[in-house]
Amino acid sequence: MIEIYLRLVDKILTPVIFLIAIFLFLRGHDMPGGGFIAGLVAASAIELTILARGAQATRDRYGPWAVPLAGAGLTIAVGAALLGMYNGGFFRSIWLEFSMAGEKLKFGTPQLFDLGVMFVVVGMAITYLLRLGEAAEAAVTEQTRLERQREDRHR
Amino acid sequence: MSLHPTVITLPVAIPLLLGAVGMFLQFMQFPRRLQIQQTLVGVGVLVNLAVTVFLLVFVLNGEPVAYQMGLWTPPFGITVYLDALSAIMLVMVALLSVLIFPFALATIDSERAQLGFFPMMLFLLMGANGAFLTGDLFNLYVFYEVMLMASFVLLTVGGTPSQLNGGIRYVVLNLVGSMMLLLAAGVTYGTLGTLNMAHIAVRMNDAPYLVQAMIAGLLLIAFGAKAAVFPVFFWLPSSYHTPHPAVTALFSGVLTKVGMYSMYRVFPLFFPWLLNQWQPLLMTIAGLTMVVGVLGAFAQPTIRRLLSFHIISQIGYMVMGLAVAMTPNPYGIGFGLALAILFLVHNQIVKTALLLGGGAVELEMGTGKLNELGGLVRLKPLQATVFFIAAFSLAGFPPTSGFIGKLGLLEVTFSAGQWAIAGVSVFVSLLTTMSMIRLWQYIFWGKPHRQPLTQRRQTAPNYAWMTVAPVIALVALSLTLGLVAQPALDMVQTAANQAIDRAAYVKAVGPTLTEQDLRIAPPEWGLTAASQATELAGR
Amino acid sequence: MPALALSLVILFVSAPIFWLLKPHRSLWFAWLSALPPAAITVWQVLQLPTVAQGNFIAERYAWAPTLGLELALRLDGLALFFGLIITGVGACIAFYTAYYFEGEPRQGFFYLVLYGFMASMLGLVWADDLLTLFIFWEGTSITSYLLIAFKSDYKGATEGARRALIVTTAGGLAMLAGMVLLGLHVGSFNISEILAAPDIAAASITPVALVLIFLGAFTKSAQFPFQFWLPGAMAAPTPASAYLHSATMVKAGVFLLARLHPAFSELPLWFWTLFLVGGFTMVLGGVSAIRYTDMKALLAYATVAVLGTLVMLLAFREKYAYEAFVVTVLAHALYKAPLFLSAGIVDHAMGTRDLRRLANLARAMPLVAATVVLAALSMSGVIPTMGFLAKELMLEQGFQRLEHGDGLVGGLMYAASVLAALFMVGAIVTLAWEAFFRRQADEHPAHLHHAPSPGFVAPALLLTLLGTVGAFFAGAYENLLFAPAIAAIAGEPTTLQLKLWHGLTPVFLTSLAAIAVGVGVFALRNRVRRAFAAVPEKFSSLAVYDATIDAIYHFAYRLTTVIQGSPMAPQVSVTLLAGVAVVVYALFFPTARTSVLLDSLEIPSIAEWLIFALAILGALATVRARSRLSAIISLGVVGITVTIFFIVFGAPDLALTQLLIEVLTVILLVLVFFRVRPDPFIEDDRRRAFRLFVAIAMGFFGFTVVMVNHVTQIGESISPYFLEKSYSLGKGTNVVNVILVDFRGYDTLGEITVLGLAALGGYALLRSPQIHKLRRRIVAARSAGEDGAHPVSPMKHEATEVGHD
Amino acid sequence: MTAFMLALLVGVLFACGAYLVLQRGQIKLILGLGLFTHAVNLALFGTSALTRGAPPIVPEEMGGAPQGADVLFASYADPLPQALILTAIVISFGVTAFIVALVYRRDALTGSDLAPGELATVVNTSDPFAEFTLRMKLPDAADDYDILQYELDEVYDHPEAEREVARE
């Protein structure tokens, strides 16, 4: 019964949390938020799915793209830092500013770097949550196997 | 010759980039990812070696180089600083990684390889390089953590119970050490208001002794815990014998040496006067580290346990060199530090050679227990020869690098009037010889007790060469360092002079710093090493 | 032309070349192998006239000038004298080796090490620099180690090798320390410069340095109480024993003393140490030689006696002592090496060298018998051999002292010399008689495998003839060979005139009497042997050495068990307490502002009081919690209060991060902890007080660190810069984020690397199927271990097997 | 006064952390390290003056304002320690997660169907959580290298095991 509620919550809440994560990430340079926080929020969204559907199902759903995020994020972050070499040295920021519909928009390598940070955080958290969740499930399976063995021996 | 200072970030950037790609592949379940990872690591270590050698040559011919991360004004951004000392360390670590790589390639089992062993090597390299290069106290903490995390993973990959037990000790004891470093950085910021090392060096002059003692003490514990000095070395013998031999070799060449490097970097820069004032303390630590380490080795029943304790014992010599670094002596101030650096380099070479040689024996015989080995001199004459030279180099026999280091340290401690520690070092040298003889005789002489594992899968076609050639190269290097000692001595002397030259450090980091930026006029500016000596004698 | 260095290089280079040539294939290599040392001998002979005129050849090569390390060689009288013995005997030994190891595949290796040794030894005696000397000294130690353990699977050989190396290294290291002290005092390690340094004997450093150097010389030259390694070294193949352990290496210590003689011999320390140690060693070695039935052991003790003689002679600064010294060195090399070589031939031919099993060999190998007899005559000091000359001069030295009223020294010396001599005569007559002339062996007589070829015997015979017949012609070379050497020892030029026949002097009569009594000892040999057998083992210095080594190992084991064998908690507390110690130490140096503990910041509001109280309660609850869930929740409470704290004090980014991380941490902990064994609950924990102490100390530590931060502000913070430039340069208004990704982005890069690595580590550790599979394996291994397939050896066993060196 | 309270809090956290870390047991160890982390973070926070409210979010128009940086510094919370703490928190999280995994695996390998007494022979390097006696035997037995290493090789060098690893 609880699982059904959880699934419902998961279905509604997960996309919302993801949106919040993206929002936090985008405003991070100016207001509280940023890569770390956004990454952690996204990770908690996925944790919700794990709670609702189990680790194995979550891996099937998010695994292929969520887990490699750790490596990808690190690559992006280093890449962003290396881009600075173009502008005079490692980690030198590059900013592109232009206005659109009266709003000033800016894109820079620090933001790209922040994106890398977010990816790494998501990837790392997901790895652990999925692994431990799966380990828990496997332990249950192992336990039943042992119990069945014991029962067999009793007979 | 000029050089864009951003080049000095390459020893961090290259391994990090390649490692990140390797990590990405690791999680991607890419087919043939193992081969690609191995290629990446091979390229990474080679390019890293090339870059670091280039940097060393450059620094030896000229001034230290500093680069401001993101080109921010000095005390505010993070500074990366390269002088001869850090360049020597970079080259040594790069060289060791290049030599350990083929050994790992040949011997690592597929399980560990599949689990991301190879990218992890690059991350360890990156962490160490970052620690060597950084000119910022907090950044030093961060790179310590990178290095530690990489070593945690390398230590536990494979996950046998002994690895896990050793791993927990290793992790916890090192974490407590890192905590001290973080607190030291905190106290530094809280009292001096800055984290940039050059800036700290300038402001430390005016700090009350309370603050100096606290920062110095916390740093001593933190670095000491990393360098495995008495009495905070427990993590090392609990863990070094548990992982794959290639990992042990890599650790011995990198981890403790980073701790020593940090001491060499930070103490002469921040509080050179404390090196004299705390000399009795440092000498006691050095002596106890030597003695306890070597006696520990006496009690060990297996190859790598024994060699791990020798790592500790040899660290004592390096601390001894640091302790006399600022003592006036006929050879000139800083000569003790120069010899300590030389000894460190020698130790990296020889200890790695021994661990690789011993590791190969363990892998081939299926055990590291001394009393189950024997008679290998007939079976493996080449391995035996190089192991013999390495063992006696560690014991300090001429004409190897060990002799030069031992002789130099003896001369400098005697001439600094430190008779007690010199005596202890000579005695420990004898004990080291005894221990090395024991190791050698148990493994290579006597009657063979068991046959090599024949069924063991040898992962590489030219397994034999890939395991022996690195040891041969290292032993040749040790002999070269011994026979062609003067260039090496000149090099370490340059390194030591740069390391104790606070004015040059500050000047290199902040040529644009105005006194207003620094807030406090640095009384040390313009002082050369020689005039520092007279000043120190006064303190 | 750098002739000296070239000679050394020739030897060093011919070593591997010879090894690669696989010399065991043909006996012709005997001639080839003798060639390099013979060539150097010839060259040295050609230098004799030049050197005799007081000239010398010196070569210096820089090595590490910073350390005062250089390769300085100098061929003066003493160096030439010893050099001739080394290469001359060396050539004979090299020739002999080819026969001794006929067909043995490891012959090449033997040559490799032998040449290496020869070069080291030659370098040692030619050295004109203390460090150069030390380097070659260690070279001889290492090569001798390898030679002794040539039969590396034979335990006696490896044990003997280890003992020899440890003892000589111990002495060598002490000597190095002494040399460094001396060199630092003089400002140079060059021997000529040190000897020429004014007042060097009176320097305050000299006694210490000398004692250390004595240690080196005594261990190397097997002086009491270090003599025990020499008999053990007889496990070496006979050519090595003959060469290293009688003719050359053991004389290195004597050589060093002779080298330093001109500068230091006037010191009473010098005289008494050398006189007493040398004299005692002489008596000890001489008297105990007869006890052994192993030919090589017997000869080894006789060697110890001669080494003692040489050291004792160096105590004096008188002419007879000098003469006796040089003649003894030469005579000993010329009779002891042939004796060893003959023992080797016997061993080779009979399969044993135990006197009890040998008899009547003179018939089977007459040439060997002749060699032994001639050498024995020289050793006994029967006129007209070189041995006679040597003994005569030594007794003359003692007699001179007696005559000049120094009754103590002279008498002691005279008595000791006679005592040693008569026992040595007894020993060598025993050896010659029992092995070669008596009819019947004591037990299990050995049988002749094959008679030695003349080439095998030739080197030994040649040396013996030089040592016996050579004495007749002493007049021809005494001023070429001996005088320059004496000049170097005495520090002043000299000439000499040796006479075989002095007439019926008291000394001559004493000498005759000693021989006669010696023959008496020979007659009573079995009784003497039995008397020796009654001496308990534990009085020997070997037993003392073994006990010392055992004690070191035992202590090491105990110490390591205490230090490293403890669980993690005390180890962690060491680090923690070290931190506390630092803080306590620092507080001993208060500054002006340290007393201002409570500064002016406004009083916390009620809400803040609550936060503090909640955090403290949470922390205490974590410690006190009985169940794991409540502990985790308590930790969570602490985390949440920290979060609130961050909110209150203007750190929203921190608060958000802390909150999310707290949630994730709790989830991780909950996921894991309910499948992990619960911690054991120990009711009566006697370490509680200690824990409490560490905890309180750490509390003090944390408190102090924060307070010190708070009350001491030296420089202004670099922070305002970030606030000011955040928007203008970093394009962001959230300063914390700008610092993270831009100002200090490099830190963040390291930080996410840590995260990535943690991911990789978790990935590697947490693969569940593998865990369970491995677990099953471990259980299987364990049950197999119970069946004895994998015996898990207890440490007790380890300690006796491995630790017992 | 607030600083005093903060110092007191840090002290209590350190004390509790130390007490937990020194106790026998893997869970207490992790909890203790968690308390240490909080303590260190708060100590870092205490390196600057505590400013209520006023998070360091400097509006555009204030940046580079004529009143100068020092005035800004007085009115906003110090951003640098915050950045440092954030870094430290995240690093600690990574390390904690890793230790959790370590403990989990260790426990799973040596866990429930082995009694603690039997553990000593299987896990024969000295257990970090062993009884708090100083006179433990050093290596109860020598390395398990030959037992376990080759077990491991056998398990994993098996082709099917490899496939299994690759599939994951």
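Read from first to last, the chains carry the letters A, B, C and D; within each, the first residue is number 1.
Heads up, the rule we're going with is that a contact is a pair of C-beta atoms (placed from the backbone, for glycine too) under 8 Å apart; a residue touches a chain by one contact, two chains touch by 3 or more.
Everything quoted here is computed from the prediction, not taken from an experiment.
Here B-D and C-D are compared, and the pair linked by more C-beta contacts is C-D. Taking each chain's centre as the average of its CA atoms, subunit B and subunit D sit 24 Å apart. Annotation: 45 Å between the Cα-based centres of subunit C and subunit D.
Rounded to a whole number, the gap between the C-alpha centres of subunit A and subunit C is 60 angstrom. Chain geometry summary: the mean Cα position of subunit A and that of subunit B are 36 Å apart.
Multi-chain contact residues of subunit D (touching two or more other chains): 21, 26, 29, 43, 46-48, 55, 57, 80, 84, 86-87, 90-91, 94-95, 97-98, 100-105, 108-110, 113, 122, 124, 126-128, 138-139, 142, 148, 152, 155-156, 161, 165, 168.
For subunit C, the set of residues that touch two or more other chains comprises 557, 560-561, 564, 568, 572, 576, 652-653, 657, 661, 664, 668, 672, 675, 705, 709-710, 717-719, 721-722, 733-734, 740, 742-749, 751-763, 765-772, 774, 778, 793, 798. Across the assembly, subunit B contributes residues 16, 20, 23, 26-27, 69-70, 115, 138, 142, 145, 149, 152-153, 156, 159-161, 168-169, 172, 176, 183, 186-187, 189-190, 238, 299, 301, 369 that each touch 2 or more other chains.
Taken as a graph of touching chains, this assembly is complete, with every chain in contact with every other.
Across the interface of their complex, subunit C is touched by residues 28-37, 40-41, 43-44, 47, 70-71, 73-74, 77-78, 81, 91, 93, 95, 97, 106, 108, 110-111, 113-114, 116-117, 120-121, 123-125, 127-129, 131-136, 138-139, 142 of subunit A. Residues 62-69, 131, 134-135, 138-139, 142, 149, 152-153, 155, 158, 162, 165-166, 169-170, 173-174, 176-177, 180-181, 183-184, 549, 552-553, 555-557, 559-561, 563-564, 568, 571-572, 574-576, 578-579, 581-583, 585-587, 589-591, 594, 705, 708-710, 712-719, 721-722, 742-747, 749-751, 753-754, 756-761, 763-765, 770-771, 774, 778, 793, 798, 801-803, 805 of subunit C touch subunit B in their complex.
Residues of subunit B touching subunit D in their complex: 29, 109-111, 114-115, 138, 142, 145, 149, 152-153, 156, 158-162, 164-169, 171-172, 175-176, 179, 182-183, 185-187, 189-190, 238, 241-242, 299, 301-302, 304-305, 362, 366-369, 453, 456-457.
Across the interface of their complex, subunit C is touched by residues 16, 20, 23, 26-27, 69-70, 72-73, 75-78, 80, 115-116, 119-120, 123, 126-127, 130, 138-139, 142-143, 145-146, 149-150, 152-153, 156-157, 159-161, 168-169, 172-173, 176-177, 180, 183, 186-187, 189-196, 199, 203, 206-211, 213-214, 217-218, 220-221, 225, 231-232, 234-235, 237-238, 292, 295-301, 309, 330-331, 369-371, 375, 377-378, 392, 395, 397-399, 403-404, 407-408, 410-411, 414-415, 422-423, 426-427, 429-431, 433-434, 437-438, 441-442, 444-447, 485-486, 489-490, 493, 519-520 of subunit B. Taken in their complex, subunit D has these residues touching subunit B: 21, 26, 29, 33, 36, 40, 43-44, 46-48, 80-81, 84, 87-88, 91, 94-95, 98-99, 102-103, 105-106, 109-110, 122-128, 138-139, 142-146, 148-150, 152-153, 155-157, 161-162, 165-166, 168.
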